[in-house]
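In order of appearance the chains are A, B and C, and numbering begins at 1 in each one.
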Amino acid sequence: MISEALAQGDSMIHRLDPCVRVVCAFGVSFALALSEQFGVLGLYLVFALVLVALASLGAGPVLKRLKPVLLFVLMIWVILPFTHEGEPLLRLGPLTMTRPGVELCLRITIKSVSILMVFIALLATMTVATLGQALHRLRVPDKLVFLLLMTYRYIAVIQEEYQRLLRAARFRGFVPGTNLHSYRTYAYLAGMLFVRASLRAQRVHNAMLCRGFNGTFRSLDSPLSNRLNPVFMTGVSALTLVLVVTELLWK
Amino acid sequence: MHISEGVLSGPVMMAGAALAVAGTAVGLKKIDYDRIVHVAILSSAFFVASLIHVNLGPSSVHLILNGVVGLLLGWAAFPAIVVALFLQAVFFQYGGITALGVNAVIMALPAVICYYLFSPFLNKGKKTVFAASFLAGAGSVFFSCLVLGFALYLTEKSFFEVSLLVVTANLPVMIIEGIVTGFCVTFFHKVYPEILPRPRGRSNP
Amino acid sequence: MTNPIIKLENISFAYPGATEKILDSLSLEVYHGDRIGMMAPNGSGKTTLFHTIMGLCRPDSGTIEIFGSPVSTEQEFQAVRSRIGLMFQDADDQLFCPTVVDDVAFGPLNLGLSADEARDRAREVLATLGIADLENAITHRLSGGQKRLVALASVLAMEPSVLLLDEPTAGLDNGVKEKLVKILNHLDISYVVISHEFNFLTAITDRVFSMESGKILSDDEVRIHQHEHMHKLGNHPHKHV
């Protein structure tokens, strides 16, 4: 269920230092989210497409990942142009499409799709294990990194426990419906997950103690040296800077 | 329940991020080294449980259970939820980086509030426990809707209709969350009361 | 005779809130070079015994001596824990790091080795166990057998003086079991192994103990069948009276 298929590739992006990718993803995403001008947003969209291309992920998997956001975008196009007040653009029977409404939708569409493409190209192309290491090297607090890695580690284990519990319930004739009995059954299944999670946490904590854990997290650092790192970093920063300045001058 | 990327205005986005950082920092501070594994694995359980779909008439909704996490973890629910949301972003692209802050506040702040409001009633009789956890479950979804609506409204006055829509559309979800949280917590009471927070004063949340 | 590495004397233990004593005036001595098997029914307290030795369960009465000195406080246990390698019954409890190499290096890093030294140590142990190719594998994607071997590697990487293995063969196929037998027979280390498999235990241990009502039954009390024969319960340790 949780797949890290995109992390398997061997593109130029995959070979970059994870820290460089994390920093770039943050920088570009926020700069993008704060932009308003259509010209600039269009350039960001192109930028995001280039990053996806550099990660050579293929249109299929990327579109699949974009599905939730595309559905959302569809939804706002149905609502916002008609509810937003302002200069009318088009009349469709009793409904009026307004110019500000359409502009808002267009802006949201470009921003959300581009931000997610940047995310997919730069971050979804590494495993969470690598991501955690990168965050650690970027001085994110140890506790938070540990929390992230540990949560990630046990998702698959708990997911499997859930499947087993659900199967057992089905074998005993449980047919989910819209009724109190179903909700109670799901509540017990979910409750069981939390109980088992807590019991497992005790055992895992014990296992950590057995291997000499005493409250400090140490980890293997493995920076990837790659001549492309500084080049990529400089390139992305320069481009982002140009776009930010353009945005500011446009006003 | 979340806000998609690219919707929020700069100030709202930044305020959300700042609040999320602060909440996470407070939460992390409250977790000592003996508890961190517990928080992490409960966060995994939260992640998995929020993928459970329950029927609602002809369609289905997924569980949220931020109320349960809040009751179990107190302030520590904040970082636990942040981490789970981040992993959802990584695996499913429900969101990206820039909306993470606001979305974290939407989910985690109500969890912490419900902890303070309702956890004092968790060591009472069975009926009180069910009622308190029903309110915690339904209440945390309600608060989440309010925060979400507020963030949208601050971004664009014209989002007011959307905000109202969010709250009304989530009314059935609130009821389901209330019921599920109620049964879930009474289940804890029966099989494993140690998982519930001890009465405050003796341990820190 | 030298001093025992592990010495339990009159240990009694009940889980908090429970009345039943899981360990009841139990005594056990493990000496350097011992290769001990433990075979006892489910729920008889084998895992609890191991956890008591590691200081994860604190006995209600009795004394524990590890490497010749008494241990009772968390500090004292912390000091000896890394020299006893406990392999947990469920490998998923033990492998909590995202990748195999992180996991195997976790112990050595805690022992104060530098990142490079810890990585080398991890690689070395993985190679000894013949699973060097798993180095960068994601832990939760391993098969059950691979998880066991990595768990063993993570314990061996601490270079312990004695191993406590809690059902290392549960859920393993014969191939991996044989591999484990070979590995254990080549290790120059004392160990206590819990298993429900008689053949496995006889292949790797010199003595097999059992547990009953919270006490250890040593081989003086239990005649283990070293010979093959057919009779009811022939594959369980039992007395020949």
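The rule is short, and it goes like this: a contact is a pair of C-beta atoms (placed from the backbone, for glycine too) under 8 Å apart; a residue touches a chain by one contact, two chains touch by 3 or more.
Not measured: the values here are computed from a predicted model.
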Neighbouring chains shared between chain B and chain C, ordered by label: A
Chain pair that, of all pairs, has the most C-beta pairs in contact: A-B
Approximate Å spacing (C-alpha centroids) for the pair chain A, chain C: 41
Chain centre separation in whole Å, for chain B relative to chain A (CA means): 19
Per-residue multi-chain contacts in chain A, two or more chains: 4, 128, 150, 152-154, 157, 200, 204, 208
Contacts with 2+ other chains: residues of chain B: 37
Chain C, residues touching no fewer than two other chains: 96
Chain A to chain C touching residues, read off their complex: 4, 127-129, 132, 149-150, 152-154, 156-157, 200, 203-204, 206-214, 218-221
Chain B - residues contacting chain A, complex: 4-8, 10, 13, 24, 28, 31, 33-34, 36-45, 47-49, 51-52, 54-57, 63, 65, 68, 72, 79-80, 83-84, 86-87, 89-94, 96-98, 156, 158, 161-162, 176, 179-185, 187-188, 191-192, 194-195
Interface residues, chain A side, partner chain B - complex: 1-4, 25-26, 29-30, 32-34, 65-66, 68-69, 72, 79-80, 83-85, 101, 104, 107-116, 118-120, 123-124, 128, 131, 141, 143-144, 146-148, 150-155, 157-159, 162, 176-178, 180, 182-184, 186-202, 204-205, 208, 215
Parts of chain C lying in touch with chain A, wherever the complex brings them together: 51, 54, 56, 78, 81-82, 84, 86, 88, 90, 92-94, 96-99, 101-102, 105-107, 109-111, 115, 118-119, 138-141, 154-155, 158
